[in-house]
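Please see the structure below; I have some questions.
We call the chains A, B and C, going by the order they appear; numbering starts again at 1 in every chain.
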Amino acid sequence: MSDDRAETNNKKDDVTTSRRDFLKNIGIAGASTLMAGSASAGVPADSPDPDAESTAAEWLQGHFVLMSEEDKKEAINRLEKRYTAKYDKKTTVANTPPLEGVLFGYALNIGKCIGCRRCVHACVQENNQSRTNPVIHWIQVMKIPKGNFAFTADKLNDGYPKSSAFGDYGVQVGGNAYAPVGGLATEHAQSYYSADEMVPDKDYFYVPVQCQQCEKPPCVKACPVRATFRDPNGVVVIDYNWCIGCRMCQLACPYQARRFNWGEPNLPPEEMNPKTHYFGNRPRMRGVMEKCTFCVQRTREGRNPACLEACPVGARKFGNLLDPESDVRKILATKKVFRFKEEMSTYPKFFYYIG
Amino acid sequence: MKKILSFVADFGSYAINGGTKYKAWLIFLLFIIVTGFYTAYIQLSEGLIVVGASDQVPMELFFANFIFTAHVAAAAILVVAPGYFYHRKDMKELAVIGEIIAMVFVATGITFILFHMGRPDRLWHMVPFLGYLNFPNSMLVYDTIVLNVYLYLNLIGISYILYKKYVGEFDTKALARWFTPVIYLAIIWGPLIHICTAFVLSSNARMGAWSTAVMPFGFLAMAGASGPSLVILLFLLIRKYSKLHINDSVIDLMSTIIGWSLGIIMLVFAAEYFTALYSNTEHAAPLNYSMFGHNGLNMYVPWFWGTVVTIVVSFVAILNPKIRKSYDRWLPILCVVIFLAILMEKPMMLVFPAFSPSPLGEYTEYHPTFIELYNVVLTWAVGFLSLTLLVKGAVGILTGEVKYSKPVDAA
Amino acid sequence: MKPQIAPTTVIIVLALFAVVAGGLALVGGLDTQKAKSTAVEEQAKATDAQPVTDCFESRVAYTAVTRTENIVPQYGYPNIKCSPKTSGVLWYGDPFDGTIPMGEMPEVTDATRGDFVNAVVKPREPRLTYFNMGPDGCATCHNGTMVVFPKDKKPRLITMHQDIVANSLQLQHGRGAIWCLDCHSATNRNKLVDRQGREFSFNQPQRLCGSCHGEVYIDWREGIHGKRIGAWATGGKKRWWVCTECHNPHTVQTNRFNPINAELPPPPPKGMKNADHERVGQNEH
């Protein structure tokens, strides 16, 4: 944190730069003492510990979108250096810009999904989630009963209120067909079915749920600092360095798609994926929110998301909603498509279909 | 300047001196605070992994207690308003104590929110102009703004009144021109912090149990029950242990407010439960869960019925003039019961069961950890310590025991 | 005039303790923590093991694939990462590892034309057991002399290859409407054959299957049916899964999809010992 760098920053007219400088003027030493746990002692201006210095600089970093190009480059270099040292492998943190003329959409065939949870673990492999304590999965697979109507005909008169304390009315108003019948009624869903189970179970069907990338995301509305926002490709992303961990977005999300780093994430270096994106799968820190980004580090470079590639039955389809030739658009045109919890008017770009 | 320094010194020395019981109380609180530093340190260094929250129930005891502190803080206007709106002579003197309660409880609530946050070190992101506020959209931003404004309004009010009284210049007929708007604004602001807090909850469409329009009304009614309970306890203590004269009429007004509020709480509950249970759709699922449990998960059931019964019994009890007038025994006991009932209602009825079923149909029981509980107790201890000291000092000034005496050499 | 309220102080102190004690009563926390940590350890153990090298993609045994390290040196990626629990392929370091161009596809000009510009497939031939038993593929034995060519397509009992079709008189596929030689060329056993006598490589089963299953074939060509990985953009390089990578053409009805093992579930939420409550009343199916 030398003075000359502060000078170069002063030349720029960017708003956030001046914010940063303001904070710098408060003094790095004072600022870093504020940091909980991460930098235990005050870091003097020319600290011998490079990690502490980069932590301090990261702490002072503004909202990434509002930073100047130069500051972004600096922030990314800082991260690459830190990750490379921490995980002992050459790590790249991309800042690939959003694509022109692309609106990402996802379609999932619940008629085909077998509930094998490979997508869940593919996502974990790709996106550097915490493996233990907390265990973080961005995808949750619901197992929903198809319904059981095995009651016999003599019970057809069962129901409520066949008769009451005030007498038998003789007019039937109830029935007994109370079996849950699939659909997306989540009240009978099982999310913790065992790994020893063979799937698919013929009496159930399976619905994987991940971030639905809503067009009108309640989480973005709820975030007090705009750390989460919708990018021009329609994907809701998070600036992990700007998130304050208040979990209002988690409270707002009707899909339970957001996951919180309750503790310091545990990511074994040998399993770490070194190809990362600033808004995507770069290793997170304690106390910030994370969620599916449609593998922003892959999709902005043209490749399919990891969950799609793992699906052994081809139930997952991804593409550009603005391209009529894309898989997703063709599915929207020819199949029976619906959105999950449509009544929430979130307008997801994640579609479920049958057929 | 000298006056201000001597004000602080006199106020402080009066506040920390008292009888044996008073000192024991302070030491008890200090003991909790000092030991609590350790649990607070664990949470700050390990993260929220040490509390009981999970992605299924992301709001912990801190959040629930924060809502409760907002109740009490908002209710403090019930002490201020009669004096300034209705010009009740017996209440005007005591307004400053109401403001102290408001300020202390807002500050306690903010402390709870600091414990609730995953990255308290990044709080500067929420400082206007320095950070980046999601202003017109996020309800939490509104809540932060109103809470902070309320804190400072009350801070200004308290300092002004106490200081002016201390130097002997306080005259209700000739208040500073800027002061009247401040105190009136503070009175209006009280319900505002409450309505905003209710909206932080009810704005989440996914939370079936919370997206109800009666939530702000229910909150205000609970404020009207829990706040005055604390006020009565405080006033009874002040009356017993100090020379400050508090009329019975003040206590009676407070217990009347409690009675009305309990009635409104019952009405709000009834309206909510009827609406949910008659059609018994998925929106009633959290309510069914707290009333009857779900597939063997029935941790919240005793809390639910316990709270409902307590509220009904308290309502019936406070209607009884014999209990209402029993200043030395039944009224304080009833106040403690009401205060605790509404305190426990927050996590065990309002917050935790509302997360089951989750959007994906999960039912979860919330088990707070010891560290979490101790941090809650720590925050309460800090709150009660500040409350005790501030009220003690204020009483000293109101009774005239603490006042500015010109130094000899200055004359 | 001031009444005695000595117990009040005591009551407040007791109240604070009541909050603590009441909370402690509902903690029951310590053993829940323990239960959680064992679940965590289990997951940790699963991930700590040596990487699985013998994996499968869609069908067990028929889509075997081996993990090779450092296929993408820039990131040190292996070609695939597999599940230690089920050996299913979870993640592709290089989605095009071991693929060949899809080969010639018939030209369709209407809206159902496919996007075959950069289509690649994993060849089926190297994965067929009998095909790889001799230097000339199936023709090593089925060369007209060692095994004589059949005279007609009439179903008869075959005493060979019973691991593929147990009873050749009860071939499931087509429910008796077709028989082995409707798809396998009688004279050129290294090829598949359709009803017009056109021969296709085993790497292009879709052209044969599509001659009967037209609707599915259209969906597949359009990218709706079946699996494709690689680029998402229209015209981008994609690896296509062909019919027989997911479907067993011989036992189509009974083994529509062979059940496989699921991967690990998430641990129960903090504070929960298990998730048994979600299964209550659902076991009678």
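By our rule, contacts are C-beta pairs under 8 Å (C-beta built on N, C-alpha and C of every residue); 3 or more make two chains touch, one makes a residue touch a chain.
Model, not experiment: these values are computed from the prediction.
J.: Would you say A-B or B-C is joined by more C-beta pairs in contact?
T.: A-B
J.: Relative to subunit A, which chain's C-alpha centre is the most remote?
T.: Between subunit A and every other chain, the largest centroid distance is to B.
J.: What chain sits nearest the middle when you go by CA atom centres?
T.: Answer by centroid distance: A.
J.: Measure off the straight-line distance from the CA centroid of subunit A to the CA centroid of subunit C, and report it in whole Å.
T.: Whole-Å distance between the two chain centres: 24.
J.: Centre to centre, by mean C-alpha position, how many angstrom separate subunit B and subunit C?
T.: From the centre of subunit B to the centre of subunit C is 56 Å.
J.: So how far apart, in whole Å, are subunit A and subunit B when each is placed at the average of its C-alpha atoms?
T.: Between these chains, centre-to-centre, one finds 35 Å.
J.: Do you know which subunit A residues sit against two or more other chains?
T.: Expected reply: 133, 140, 188-189, 191, 262.
J.: What residues in subunit B touch two or more of the other chains?
T.: Residues 53-56, 361-362 of subunit B each touch two or more of the other chains.
J.: Show the residues in subunit C shared as contacts by 2 or more other chains, in ascending order.
T.: Subunit C, residues with two or more chain partners: 270, 275, 278.
J.: Which part of subunit B faces subunit C closely enough to touch in the complex?
T.: Within the complex, subunit B touches subunit C at residues 21, 25, 28, 52-57, 61, 233, 236-237, 239-240, 294-297, 299, 327-329, 332-333, 336, 339-340, 343-344, 361-370, 373, 376-377, 380-381, 384.
J.: Along subunit C, where are the residues that touch subunit B in the complex?
T.: Interface residues on the subunit C side: 2-9, 11-13, 15-16, 18-20, 22-24, 26-29, 32-33, 269-272, 275-278, 280-281.
J.: In their shared complex, at which residues does subunit A touch subunit B?
T.: Residue positions touching the partner: 19, 22-23, 34-38, 59, 62-63, 66, 133-134, 140, 142, 185-189, 191, 209, 218, 220-227, 242-248, 250-256, 258-264, 286-289, 341, 344.
J.: Within their complex, state which residues of subunit C touch subunit A.
T.: Touching subunit A: residues 37, 40-41, 43-44, 47-48, 57-58, 75-76, 81, 83, 85-86, 88-92, 95, 115, 219, 222-234, 236, 241, 246, 257, 259-268, 270, 274-275, 278-279, 282, 284-285 of subunit C.
J.: Across the complex, what residues on subunit A touch subunit C?
T.: Per the touch definition, subunit A meets subunit C at residues 89-90, 92, 114-118, 120-122, 125-126, 131-133, 135, 137, 140, 145, 148, 150, 188-201, 203, 262, 268, 271, 273-275, 299, 302-304, 306, 308-314, 317-320, 323, 325-327, 330-331, 334-335.
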